[in-house]
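What follows is a pair of complexes built around subunit A, which joins subunit B in one and subunit C in the other.
Take a look at the complex of A and B:
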């Protein structure tokens, strides 16, 4: 029988995982209406042999089966060191409330591996695990994954995420009539092992240009890669919401133009975005404190609420203006 | 909306007019991107005054992307990267203005199924992000034109509106060439139909843009000696008749840009500053670009009730 598939566990053949990294792309589904659960499930059936997961509480959330991609290439590294690695990457797509489409790819890298390629059966039995040739310089590779010194030909999880996203967006069931224009955001993330006895932590979350974000986590042993990926999907989703709403309020020129114009520009926010905010709805219990840290600094929900309040105040003012004789 | 800028010949002001349309749409608050599909001689960077990518970029541009050598094409924020003295201060309320440069050594290549699929993904992606996606195609029935026709005919792009602007100069040869380029046996219309486009729908999505138009009724030409003036009027009327006969007349025209020394000698964006402050460009030129930018999405101009 094949070895255990749980990427968080240590086995004799597969050494200890020390680094997880991934990239998740988030965008508005290019469709006029929000999809129903059934429509979403049809859209995300990326594999015929495995079923789509659907959950309705606390919001409608549909997740595609995991799609493995075999890789044999160099890992990105900040120093330019060539670290060859072999294994499989896990990709998946999700749809939240029939509106927000995400596609992500991630993999776990073990501390070391043999200096030669094993038979493929070994890697196939460990979906989402990549083994380096020799010892993994984890800090160097983590920095490389976050973007420093990327070279063509290195393992590019962004490309795998992007391929998954475009595959879904090409679906002919979509009418390409989204209620508003918006950008795709990309979150690159790495999770290194926390020091013994330390709990999980979010070391940094930064915004780069062109919708690129970077996050670095520390995770204690035993937290599965899928949980880290789940947290990062959730972060990416809320970052997209915030980015998109900030941009929409900015574009509406709220306060400087005729209130009615601003309302027309903000209407899609009320119709399609404001009910989607639900931080940590699907984050595993041990990782919830990371969200709480983000709420303190920089204060995701605080900023969201201020924007929502501005929009509601504007609506109230316009209504009041209408009621005046 | 996808807008394809095409022309039969070079020197029709295709790039400079398209860049000005993009610029004015962005000023009005739209998010606009400009794709330099001018395989062989990418020029848009010069018009937008982004010297770092003048003549295209070394690699990672649109050609690399379409050939599968880059998983996404390089994009440049024009407001942030331009060295144009006026554009550097991004006006309040303006939309994004993004340039996708071509590769320096782009050149022509065949349309394969892979590049069509990459084209589909690219246009779908840009359509989701930008109000106007302006694609500057190289002159003639080029690879770029074929790719645009092929991709827009695919069912994946249903719901994504596409319009074609065919640029030509206001001369006898150019009118004839533009008409053949649009409606001739090897023209856009027949090429589109061969790829599955509906003939009437495609024809309805095509409009002509006249460039370097010399109007005998406005100065300085209206001040010419009587004999010259009469000759110019006769020629102009003859051109109008020719254009009407060839399907390039008023009803098929989206706008016309006057003969403008600034554009003849230096392809550039025309700003308020050029017209009202330094006064190097004529107000008619600015107005022509503003009109074109407005008509691009004005359904009346496209015969849509």
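Take a look at the complex of A and C:
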């Protein structure tokens, strides 16, 4: 967790960041065709004067500029402790292969802060950093962020992520004709400081109901919050792919119905999803081992490959049946 | 495209947008910011203006020199032809320059205010507008959308809207506005950034003055490219008959220090005080392009200087008497 960028003279120093938390919403772009790089860049131009980042290797990935939102409210806490904090939350939107839209909001919280609000310029100079009034009970707040600890008026990163997603989806360039129906998934994540000498780790990844997932990480000092957000966007994206493909195979009633019906139901998977699986394509090197934890248990890629294989087998069977005289 | 830039073997330029730096002086000294009424009052008004400005300009230079050897100070002048239609540059500018010279002042750079709205096709004001990150009043938990759609920006919490005459009559229902970082008592300011008569957005003088400050501080970029950059103007070249034919910022003095600077000082008549209060409220809430900000800070550190972190702390004023 790196500190804010060096901006020269400091009127007041910020204490060390000890907690990062965020929320990522993932959905299918509501559009008939996958967008090209240029179309995606136009869509994600959330700021009139700033370039959108566009990368074409190893897949097409477009990222909006970071947009800060000012907040001054209580942080969620499991115990109900009222911890007021002030600062900015960073929101961004990404589009992968012109198809998968994600909007995320995250912020870094410092270990402590003054018992009063500073001038706004201080917070603006530290984008994505939120300072508590007093000492941060980081475990309590982390639990509050992941669990049901949020009370009305507590910091609502989900609302910021949702607003960013909605803003993109309302763009007139989109025809609102997605090739298949799918769910929006939400990943809430927190990253606490790793013990001294320990590397980064993924402590928990929980599938809750209603498209909600929760992840808890440990990060050593020096890993930027944006890198953790990048990892969580990647986890959320692949979790969405897996969730969506599982549902699609379920709905196709593969093996129990006429093969041709199943084929029709699975066609969108072949056309739009199967090429999107690319774990850790843009995850920072130090955080890539965290993916391996999910590969061992429960085995994300293993499950994906089995699903893909089932679909391909079905296709082969249908082709063979078609070729018989 | 990762955050720590690991894997330097392969790079994509579109994934790592670059921000171009601008040359920087120590101080950008503004010698006036006049509207058409000032010009219409004739050369005597300009003569009076520059005579008043001169001692303060000298003082500003002395203060800049106190910071070290060989201070780089550039001077500038802003003509407000945005809000009110005006005489042509050809009619106006030679008189302006002659009166400045008579007072012993050299105008290095001359700008027109409409350039702060749109410069060479770049919607500068719109870009700055999109970078406003409002200072959140207490209780802002992220659930409400930013109020940026209204065209107003304040330094605190507004009085809640009163819907009916009956409610207005009931003093108990009234809640005062509050300045967010007030020292016990509030000085609440709500500044109009733009309006849109007939559907076309017209920027306020205060907002354009904030854009002008950002230009002078070298903090404006459009897709990473500097905007409102001075264009050299040959001495003796005739000024055009149309403001649009004049570049947004021209350099009149070939040996001038750079247009943008670490700090700005503006010598203005006192009537500008409310406008400049609004400018500070705006600048306090602009999320400046971080690379541009870092470039300025790093350059200053390289010269052994410190630039204040907060943008409003980089600007200063001398308010003098006068019309």
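Definition applied: the second predicted complex is superposed on the first by the 314 of 325 C-alpha atoms of A that agree within 3 Å, B and C clash if a C-alpha of one lies under 4 Å from a C-alpha of the other, contacts with A are read in each partner's own complex, and residues count from 1 in each chain.
FYI, a residue touches a chain if its C-beta (ideal position, glycine included) is under 8 Å from a C-beta of that chain, and two chains touch if they have at least 3 such contacts.
What you see is a predicted model; the values in this text were computed from it and never measured.
Visitor: Between subunit B (first) and subunit C (second), which does A:297 come into contact with in this model arrangement: first, second, both, or neither?
Guide: Neither subunit B nor subunit C is touched by A:297.
Visitor: Just to be sure I read the superposition right, which of the two partners does A:159 touch: subunit B = first, subunit C = second, or both, or neither?
Guide: Both partners.
Visitor: With both complexes overlaid on chain A, does A:286 touch subunit B (first), subunit C (second), both or neither?
Guide: After superposition on chain A, A:286 lies in contact with subunit C alone.
Visitor: So, A:63: does it touch subunit B (first), subunit C (second), both, or neither?
Guide: Only subunit C is touched by A:63; subunit B is not.
Visitor: Which holds for A:50: it touches subunit B only (first), subunit C only (second), both, or neither?
Guide: Only subunit C is touched by A:50; subunit B is not.
Visitor: In the overlay, work out which of subunit B or subunit C sits against more residues of subunit A.
Guide: The partner with more contacted residues on subunit A is C.
Visitor: Is A:121 touching anything from subunit B or subunit C once the two structures are fitted on A? First, second, both or neither.
Guide: Touch partner of A:121: subunit C, not subunit B.
Visitor: Output the subunit A positions appearing in both contact lists, the one against subunit B and the one against subunit C.
Guide: Common interface on subunit A, subunit B vs subunit C: 156, 159.
Visitor: Please output the residues of subunit A touching subunit B within their complex, sorted ascending.
Guide: 27-28, 30, 156, 158-159, 162, 166, 169-170, 172, 174-178, 181-184, 209-210, 251, 253, 256-257
Visitor: Which residues, counting only subunit C, touch subunit A once they are in their complex?
Guide: So the residues of subunit C touching subunit A come out as 1-4, 6-7, 10, 12, 14-17, 123, 126-131, 133-143, 145-146, 180-181, 221-224, 284-287, 289-290, 293-294, 296-298, 300-301, 306-313.
Visitor: Which residues, counting only subunit A, touch subunit C once they are in their complex?
Guide: Spelled out, the residues of subunit A in touch with subunit C are 5-11, 47-51, 53-57, 61, 63, 68-74, 84, 86, 88-89, 105, 117-122, 124-125, 127, 153-157, 159-160, 163, 223-224, 226-227, 230, 282-286.
Visitor: Going by the contact rule set out above, which residues of subunit B touch subunit A in the complex?
Guide: 29, 31, 71-72, 75, 77, 92-93, 95, 120-121, 124-125, 127-131, 155-160
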